[in-house]
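We call the chains A, B, C, D and E, going by the order they appear; numbering starts again at 1 in every chain.
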């Protein structure tokens, strides 16, 4: 038992270790930011690499905690993302007085997500979700002297408290009608009665809130825009990824008896999410807000794949999120590099960027193409497989609407491309000095964007784990 | 009047829940909004306890849920209040209508 | 009608009426006090249900912790005597309508649902039972959630410190 | 031709085949000239290109004459009937089973006759141009285009496949276009070449559809097979083609009428003639070659090529040919009487004469004596090529000398241009049908054929013949007599040997060609046709012709105001004829007002505003929606929560009460 | 021949281009790459013919197959039949010419050639794909290079045009995608493999839904009315090589897709919707022609005329006879070469006169005989002069269309033939106005074509003439492919 305990909970334990290490360092006040950041980066890299080894399938704490190869992979995707974040926003991190605290918060949230993915009952699920949320609200407020940052944090904490209330109400109804909070027992107890549908809707809305599914998405853009870039990236990539994983697991496993209900729910909300996300993204000027709405639309796509309720669905969602990590982080990384050097966050400021910063421009272009689903970037494969998985249910109208939404999304991605490559500007952003670590991370992202799609074994690898 | 039972509890909790929700919708002061959230969480706690008491008395899941929710509520309130105070410092107001710079 | 029933109804009335007042009064300090009453009412109901431990926790955490925190923050951010700004009428009406619809829907569903009951043996919510299970690792033990909550509280603490304890020089 | 026998004699019982190699060379040599001069001429053959072109064509001419000799006198006949021989056939494009475009050579009387005519006239024009175009900036280009035209025209006449003829048909069209637009910096020339191309193109669509119709029913594009299948009443192809009807006419008739429309376009039949007068913007030798002697008779040739089908299977279509021809002949003659540009007069005259050939075909029947019209038509084609080329070249000499096309700038030139004068006179006599010049014989045969078969056409033809004599001599007298010449000193003579030799050779032809016993060689069924000469019959046309000549002499020999007086007394008719019966205006109305304004402009407008507008509206609409719903994201966190709750309630209602 | 080579060569070229240091090196690398590819295309042609002559009757030759996404049953399956070989030849011609005419691009040369080669990569891949997934992959790969080429190196309202093009093409491919997914899930065996699918019988109900999706989707690429409006704007704003690639290659992707995917895999759908296809294509033919008549910008003229000419492609496909389909493919090849050359010439003229307005030029023949001669030839090809490729293709379509005895198709054919007059009108108007007449003042100093322009023109002309003068080789190449498609459709 003890050995198994350490092996199975390895990711969480490692993360906890890092958190405490950071706290001790902070208390000791021994290290400069640069050194510390390097240390953190190394630790996170080790965490990521370590994630590949000693993975075992198993259950702990009477089913409260479960893990499997797929879950390990999902956690590792998140680890990778966190590692990339630590590289990409190095410039910003170094300027922070409270950098260790930021990482403590971020890694706590990560820990919450790990528990979330591994959670085996509704209580663990709820606690992990809160652990994954509350520190992020604090992270959102990290630009302490910016009004927008506080506003964003306020919106986040209040909205999420509200959504927690709804979620809890839903959980209580599930509990009341079945008497169980265990994921393993619930499928046998759910029967699709109206009250359970009501409970499902309440639960669903909480997931939807975290995933920014329309109409529960409204906090997203404001929080993304106001928060520091690193927080935004964390929210949009890691938080979303983790919730998508557990959402999928919950729907596929726990609510399998009610799959007809949630299939339709997912379909309707998917369409609404794509359409609304796209329509809002059309007219955004701020790059973070723009990426916020774009990520909302992306979630709409994830839902398409998710709706398939099949192995292909799981695989394609995990695959897509892997790709999404690379693409979105690359976009945020470029935006961060520009913002931290010039303070410019508007798309119009990007005009003529290519003339002065070709590297950033190409990475941004790759990232946006990948988000738009243009070959040969991985985003193409990701989206296509999501659609293919979704199409297996045979709803042509749904798939057609989804496919047509790709056009709108292409339009606004091209708007950025156009600003970067085509528009004339007498005063383009000057040549930016990119942190070496950020440059390295951008290269990783770029390579990921290209290779994850073309190398088909990655997809097969995921499929084998499912 | 009937002997109080499950449905009474559920009625109270549901009503409390939506009173909290109403407060959350209408209060302009951030602290009072937070108070409304506390009402909401309390109503849920009551739900869990009621279910545990009347239906699923063979285990204590509902009870534990309540305990943890209380803990979470505390943590949430703490962070929320920290954020509100910070917001007050920058805005000199905790009126929610004054914090809507981020929109559209 | 037994005495306990009357007590229950009184507690329920206290809870609900003070909750309504808490979300409607325009004096912020009074709102906090009404909230306090409402929470005490709920604690009373827990007592009534013979969940004394929970009732105690409720009193300690909410009344002793959260409400105090809230009152503190009110003092920090507001002159206590000020009237709260009034919400727009349309918003109020719409909120009331939405909340009422929600309530009606939920109550209707609850009322229509035939709840089943476990036939198992009653486990008394004594402190001993709760304590054992809380820290147990097997057979429905809640050690893991306990740990998770501790980390959450730690993180919340760190967050609060960073946010609220803003160092002076930065304020310029 | 050492080593190359004239023809292959196969084994006993097999058909005799002429040697295709040298027949193929006839068109290919001018093509070689075109390629060589077109690509390298500007660089390497700046001055020698004329000689190169002419030499190549001389070889072609010799080969053509050799072929003619061989065919008519050596091997062409079997049992007294000239055969349609196909010495070469190469599948160029296979559409489907049986239907393919073949590049082949057909050797039969008319194609051989045309080979001779085309090469000979072309040679004359080549030689003539050596003098006429001397010093021109684009001399090599000119000869290149001439080569292209000659190639195309020769290809056209030896085509063994109806699609092959269409191919060369288009090619002569384009070479005509290029040559009309030769003086490309003159806006009128540009307009004229465009007009010529587009009008004939319009007719070609008819031809094309006709081909499609015929080939569909015949199941082949090969001339011989097609004719065979569509003329034998027993064949299934014939039966279906006759049985299928559309708007009251059989499919076969439709096909033939459509093919005839193509022919009418190229041969400037009414109402598709409007391009021909304008085509005179090209260099005059070109007019002689293309717009008088060869290309414009392609329509006649086409009808002649398909004559058995017309005559046997669809008399309706054939009579249409006859009436259109007769009407064109008359109307062109009337217009010719009023024109003052000498080349335009000749152009209308050409149109009129082609009308003759057309109606001669129209009044003919198939086989034996009844086929007189056919023979006459071909005969007239032959003689007309001689004298009309001569007229144009003569006119060219005049224009070369006087630098103007207008009659009013001319007069009394007989002293300055003696050779031109004489040859021109011979040509005029020939066209007027004065014995014993060539035109007399061919025209007599035509009139006889018309008389025997269709009286109304005969009378039209007779009147036209009188008018012809009148306008030709009006032209003649206006140029060479009338006023005294006022010629500037810089002009030197008639343009040298190069220009005079063709005139003389053609004059000999125009004078003597009539004596060829044409019926021996060319007839509907290939058998020998004896044409008799009816003295009594000839009196009327000859008398009319002479009358025309004398009226012209009375009016135009001396400068006077008589013509003007007559013109004003015939006010309406004269004006109408002078304005070519307003055909151009009608066309302008149709193209500009109807096609451009009522179809083109609305189409462009529709595209820009409706179709494209819809596309843009979709884009803008999306943006508008986006702008409209931005209030959803109001920045108020409480509103967000309200939407949240509304969403939850909505979903719950939807799935509890409706979708379940 | 290993067909992967056709994809690897451009890929290699593109990578090498990225590694180059200066513009001159980039140009030569691109040219070398295009030339090697050109040779490879010919090698393919000869080997293909050789193989056929040896009696290899397989539907597709040189098949190669690698597993790609085995869990989706996707494989990297390549193979060619005569139709593909013809399209590859076309691409090779256009690419090398496009590289040559872009010799003077000075703005971001490296990126320009990189995108050009990437675009060609998409086309090559598309034409040899036998798996619908990779077919779609290559179809979409080509969209963004077009967008960037227009947006960065274009002229006029380039951003608008680039956007419109990218969005409309994406719209088309979105429909294609849905159609492909419909096919994929139609049977019990989920497969994207073209050969496999052609043996399965896709249920009629699926065909009825998927055919319009696929046909319209691919149709957008090939200017199906009313989805053609990206064509005029896109072409006129694009840089010369961009227009050449767009009209010469890209629009053909659509036609090929309509034929190979929509019609071949969904024969019942094709029959059912033939009427609509024919009506739309006849509208495109005539309407495009009439709209062209009103244009004043040379590029717009050619762009609208492309709408009209591509209508013949769709007409040929819609008529569903072997001959008409052969004609459609020939028209694709012919139009590709012709329109590429046309755009090349327009580009040459524009580079010298700095205007494309027909009204602002006159008499250019005097100053640039070579360019204008080519303009004449290509104009004549466009209006269907025998001896040039346009004639052959159009006539094949006409004859093929006429093989149906019913009145509707007859009338459609006749209406389509009428367009050749309108074509003559606008082509002659444009050509004569620019090249003939008195020379516009200010143009006295203009120079004729440079070596690279001449070479580009000669290469394309050679292609046009090779088809125009000796169409039988192309016919023999394409015909059997069309016959297989027809056999699937049945009579």
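Everything below uses one rule, namely that a contact is a pair of C-beta atoms (placed from the backbone, for glycine too) under 8 Å apart; a residue touches a chain by one contact, two chains touch by 3 or more.
Just so we're clear, the structure is a prediction, and the values are computed from it rather than from any experiment.
Chemist: Which one of the chains is farthest from subunit C, going by Cα centres?
Modeler: Measuring from the centre of subunit C, the most distant chain centre belongs to D.
Chemist: As a test of understanding: of all chains, whose mean C-alpha position lies farthest from that of subunit B?
Modeler: The chain lying farthest from subunit B is D.
Chemist: Indicate, using Cα centroids, the chain positioned nearest the centre of all protein chains shown.
Modeler: E
Chemist: Express in whole angstrom the distance between the two chain centres, defined as the mean CA positions of subunit A and subunit E.
Modeler: 42
Chemist: Centroid of subunit A to centroid of subunit C, CA atoms only: how many Å?
Modeler: The answer is 31 Å.
Chemist: So what's the Cα centroid distance for subunit C and subunit D, whole Å?
Modeler: 102
Chemist: When the centre of a chain is set as the mean of its C-alpha atoms, what distance in Å lies between subunit A and subunit D?
Modeler: 77
Chemist: Which positions in subunit A are in touch with at least two other chains?
Modeler: Residues 123, 127, 130, 134, 137-138, 141, 144-145, 153-155, 158, 162, 169, 176, 179, 194, 198, 221-222, 283, 411.
Chemist: Counting only residues that touch at least 2 other chains, which ones in subunit E make the list?
Modeler: Within subunit E, the residues that touch at least two other chains are 167.
Chemist: For subunit C, jot down the residues that touch at least 2 other chains.
Modeler: Residues 91, 95, 98-99, 102, 105-106, 109-110, 115-116, 118, 140, 142, 145, 149, 152, 156, 159-160, 163, 166, 171 of subunit C touch two or more partner chains.
Chemist: Between which chains does touch occur?
Modeler: Applying the touch rule to all chain pairs gives A-B, A-C, A-D, A-E, B-C, B-D, C-D, D-E.
Chemist: Given the complex with subunit A, which residues does subunit C contribute to the contact?
Modeler: Going by the criterion above, the answer is residues 105-106, 109-110, 112-113, 115-116, 118, 137-145, 148-149, 151-152, 154-156, 158-163, 166-167, 170-171.
Chemist: Would you pull the subunit C residues touching subunit D in the complex into a rising list?
Modeler: The contact residues of subunit C facing subunit D are 91, 94-95, 98-99, 101-102, 105, 109.
Chemist: Would you tell me which residues of subunit B are touching subunit D in their complex?
Modeler: Residues 21, 24-27, 33, 96-97, 99-104.
Chemist: Quick check on the complex: what are the subunit D residues that touch subunit C?
Modeler: Those in contact with subunit C are residues 638, 642, 645-646, 648-649, 652-653, 656.
Chemist: Give the list of subunit A residues in touch with subunit C in this complex.
Modeler: Going through subunit A, the ones touching subunit C are 16, 19, 23, 60-62, 64-65, 97-98, 101-102, 104-105, 108-109, 111-112, 115, 123-124, 127-128, 130-131, 134-135, 137-139, 141-142, 144-145, 153, 169, 176-177, 179, 193-195, 198.
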